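For reference, the structure is listed below as C-alpha cells.
Chain naming follows the written order as A, B, C and D, and within any one chain the residues start at number 1.
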C-alpha cells in the first residue's frame, strides 16, 4: 500500500470546506492542517474533531515538513503568493481558478512551479463531471463524427454579493472562464477569434463594478468551426448547466441534474423538479474526482489533468472576451498555445 | 382508379361528426347521407354545404340504392337493429363499440352479418393509433423478446353526465372495454382469468347507477403471463392513455401525447403541457386510419381489421370484470374464442 | 353565412400541394384553379377528382373573374411578376418566402400591392405553429418577465439538391430567413447588429455555389439584448426546430415534436423517437393556420398576420448575415423599420 | 457537542460495507468493530487503516463495553440470534430486512427488544430515498387530494445466484417485501386483501426452489382503495424503481434515476441513459439517511423511523402473497396491526 498523501488546505470558505470533506473521506490522503485568516468556529471545531490542525497563518501550512501538497482555496488575489511559496518549499499545488487576474502574474507562477518541479493542477472542476466525461468519451469514439458546433449554457441561480463582484475579475474571468476552458477541453481545439455581446440586465450593481451579468460569446476555432456560450448571473429556476455538441452524425447533449425524479400532474400542467441549486450540489462528484486525480498524479508522478497552461489560456480568452465586449467587435486570439510563446 | 365508396352515417353526435369530417376529406369515399333523430342545425347546415343529404330516418339511409356502407354512430341500444337492417340490405357496417350490452344480442348481430356476407368492423379506435401500432410492431419484431407483462393506464379527464352513465353499460362495458380489447390486440393472447377491484371514488353518482368510477383489473392469459389495467373516470390532468410492455429483453412504453412541446422553467419547478384533453384530440389519427382500413377492406374484399368476434370477446370480458367486481373474486374466463363455441 | 373565398394556386410542387389540400378541406374557401408549368399527372388527376381546374398558364389564374385571391407557390424568381400581375388584377396574394432575392424588387412588389390595395401575406409558416404561439403568449403574459436572450436552433434533416441550392439565394435567404423572422416575431424587437460565423462542413457542393451549410448568427437588438441562431443543412436525427427564451423570471422552451411517444428500454440505453422528419409534418398545423388567417383577413378586411414589410426586413437581415459571413465582421443593421425609410 | 455513538457491524458483505463506509463518514458515530465469519482481506485491511477492529466472532461485538449499538448485516437466518443477544446486552439494533423467514420468530425478537428497552430499526432503505420522501410530502400536503390508487414497479436488473435464492425466503419475502412496506408507508393505509399472479418466466432455476421471478400483486386497503405491485427479477435495462400515486386532484410519479444526463441523437433514434444499475447506486443516499436517523433516535431517545412491527406486517403480507400465488385466489389479510393482536 502506497503511503497517504499529507495535505494542507489554505482557505476554509465554501470551496475549502468541500475539499476538506473530500480529503477526510479519501483513503489516499490525510488532512494535516487547514489555514484561514478568519475561521468559522464551527468549521474549526469540526476539523479538530477529525484530528486536523488549524492555523491563521498560511505560511505554516506551506512550510511544514509533514505536508506533501496544498490545496489553495483562498481568494484569487493571494494565489500567486501561495503558489510561489509552495514551489519554493517543494509542495505540490492544487489551485482554484483563476490563478490570477493578470496573465503576466499567472505566467510567472507557472514558471516558478515548473522551475521547482512541483505539480500544479487548476480547479476547473467541470472537466471532472461524469456527464461531461461521458459526452467527451462519446465524441472521441466518433459517435457523432466530426464536430460542427458546440453550445454551452451556463447560468448561475443568483448573483454573488457586490463585494464578491468587486474583486471577482468580472463575469468573463470569474464565471465564463469555466465555459471557455470547457470549450477547449471538450473539442480539443484552439480558439482563433472571440466575439462577445454582453449587457447588464439582472442587476445594475454589476455596471457599477464595470461588469456585466449577461453575455453571449462566439468562439471561432482555428479549423473554422465555432462554439457559443450563454451566460447569465441569474436563472431563477436554478443552476443551468447544459452542453450541446452537434456533428456530422448526430448530437450529444448534457442535461441538467434535477433536484428529484418526482413529477406532479395537476389540473394546469405537469411539474418536474428544478435543476440542482448550485455548484456544490451539481458538481459534488467532480470535486471528488479532481482531488482523486491530483492525488494520483503526485503519488505516481504522472501529469495533472488540468495544468497551469490550461488556466493561462482560459484567462487570456477571458481577457479577449472582455475586450470584445468593451470594443464591440471580434478579437483575434493569438495567445493560443500553438501560436504564442505561451 | 377505383370507384369511391358511397357512405351513409347514422348518428350525428360527437363521434358521428368526427367520422363525417374524415369521410369528407377521404379521396376513397363519398358521403351521401347522414341521419339523426335530433339534428343540430349547425351540423346539418355544414353537411349541406358539402352537398351531403340529411334525414331523421335511419331506414332511408340503410335502404338507399346509392349507399354502399354505413357507419353506425347512434346510441348503443340501437346498434343491433341497425346492423340487422344493414345486413338485410347488403350494406357493409362500421359500428361503434360496444355492439350491444347483451352478448346474446351481439352474437345474433354477428351471425346476421355473416349470413349476409357483409363486412362488420367495430370501432376500437385505439388499435389504429400510430403509437400503438409502433409498439406492436416492435413487440412483434422481437425487440423485447417474450412478453412477460403488460400494463395499461386508461383514465378519462372527466366523468360523463349521469344520463350517459345510466345507459352506458357501466365502466367495464363502456370504458374498460377499449383496454380489454387492447390487451388481446397487443399481446395476441387470450384471457383465462379476470380479477377486479373497483370502487366509487370520483362521484357517488356512479354508485346510484350500480356503477364504479375507479378500477384495477388483472388479466391472466392462458400462457400464465398477466396484464393489469387501471381505470379512472377522472384524471384532472387530462386523458391519461399509457401502455407498458415488459419482456425478456426490455420494455416498450407508449406515452401520452402532450398539448404542446412548450416547457416553462420558473422559480418553483419546470412545467410541461398536460396530455391532450380527450379522445377526439388524442385519437384523431386513429379515427382516420380505421376509416381508411374499413374502406380498403370493403373495396378490395379483405378482412376488416377489427371484427364482430373481437367485439364479442371484449364484451364478454367486460361482463366477467363486472362479475369479479360484484363477487369480489377472480372469474375464470371460458368464453374465449379458442374454448367457447363463440 | 359568408361567401366562400375563391382561390387559385400557382405552382403545384411540394408546398403548392400542401396548400391545395388545406384549401380543399377548408369550409371558408373554394379551390377554383391550379397552375403549373410541368404538372405531375397524378397530382393533376387528384385535383380534377375534386372538381378543380388545372392549367399550365399562370396568367389565366391571375386574370380569371372567379378567382378572389391567389397562393403563389412557384419558384422564388417568379414571385415579383406574380405579385405585380395579381395586384394589377386586384387579386389578394399569399406568397411563399422569400419574396425575391433582391430587396429592391421586394420593395417594388410591396409598393404595387399597396398601391392596388390588395392584401399581401408572406408564408413565414412557423409563426403559426401552435407551440410557437403558446411560447409567445406566455412571454407576452409576462411569464418570464423581461426577455434577456433568445436562442433558435434550426437544422434541416438533409441538404437540398444542388440545383435547388444554386437558385435558393443561399443559406441565409433560403433557410435562416425563417429564424430571422422568428426572432423579430417572438421578441417584438428590431435588430441593430448582425454577426455571423459560417462554414461549409456538410457538403463541399455548397461552396461551389458560394454558399455555406452551417452557421451561427448573433443578433443584437436595439435594446442591447441578443439572440443566437444555429443553422445546419443536415441533422441526421431529423428536423431540429427548437427555441429557448430566457428572461428575468425564467425560461420558455419550445421542443421538437417526436415521431411517436414510444420509448424502448433495452440492454444498452433507452430509445425514444426522433423529431418529425421535415417541415411538411412538423408544420402541418401551421400551414392550415396561416391559410385560415389569410382567408379571414381578406374576408373581413383586417390586416394579414405577416406582411410584405416583415418579409422585407427578413430579407435585409439575410443580406446582412451574408455580408457578415463574407467580411468576417459584425454588420450594423440600419434597414430596420423604425430607422429606415423602408 | 453530543458524544459519538459507538457502533459495531455484524457482517461485512456488500451491505455491511455500505454501512461501514457511511459510519466512517458520519460525524455522529464511531465505528469500533466489525465481525464476519469469512473476511475479505482487502475489506479487513481497509477497516484497519481507519483504526477499526475486526473479528470473526460476532459475540465479541455484541458484548463489548465500548459498543452502544450494532448494525446486523449478516444472513437472514442469523438475525433472530443477533437481536436476542443484542437485547440481552442492552445494545440498540439496526437490522436488515427481513427480520426472519418465520413471523413467529420475528414476533419473539420484537418482544425481546421491547422487553429490554432497546431500539430496533429495520432496514427498509427505500423509505429514506429523497424522491420517495418528496412524493410522500406532496401527498401529505394534499397535493393530489384523496389517494385513489398506487402503483409500484420494482424490478431487479438481474437475478441473484441460485444459492442466494435457495435461502432468500422467495420473491415475496426477499424482494417484494420492500414494495409491501412501501405501500403501507406511502399511503398510511392497512391491507385487507392480497391477490397475486406470479410465474417463472426469467429463469427455471427459480421454480426448482419453489419460487417465482415475476409477479403482479393487488393490495386492497381497508378503505376500499387499491395498489398494484409489479416485480421482476430481471429488467435488462437496469434497476427499475418507479412509483405512481393517483388521486382526486392529480398524480405524483417517482421516476428512475438515470446513469447520466447525456442524450445522444443519432440517425435512428434518441438515446438516453439507463436507470442506475442497482440498489447500491440507486439508494446510496437512503442508506446514509437511515443510518443518520437511527443514530438520532438512539442519541436523543425518540422512536426509530421503521420499527420491528413494520417489519412484521411486511413479512405477514409477504406470506399472504405467497399463499395467494400458491392457491390462486385472493387472501384476506387479518394480521394487520389494527385488527390482530400483533
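Basically, a contact is a pair of C-beta atoms (placed from the backbone, for glycine too) under 8 Å apart; a residue touches a chain by one contact, two chains touch by 3 or more.
Being a predicted model, the structure only gives us computed values, none of them experimental.
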In terms of CA centroids, furthest away from subunit D sits chain C
Note: of the two pairs C-D and A-D, more contacts are counted for A-D
Which of these, A-C, A-B or B-C, gives back the B-D interface, meaning over half of its contact pairs coincide by residue number? A-C
Distance from subunit C to subunit A - Cα centre to Cα centre, in angstrom: 43
Where subunit A and subunit D are represented by their mean Cα positions, the distance between them in whole Å: 40
Counting only Cα atoms for the centres, state how far subunit C is from subunit D in Å. 58
Residue list for subunit B, restricted to those that touch at least two other chains: 235-237, 249-251, 265-267, 273
Which residues of subunit D touch subunit A in their complex? 1, 24-25, 27, 45-46, 49, 130-131, 134-135, 138, 143-144, 249-257, 260-267, 273
Touching residues (chain side subunit C, partner subunit A) in the complex: 146, 148-149, 151, 155, 195, 197, 199, 201-202, 214, 216, 218, 220, 224-226, 228, 230, 232, 235-237, 240, 246, 248-251, 328-330
Sort out for me which residues of subunit B touch subunit A in the complex. 235-238, 258, 265-274
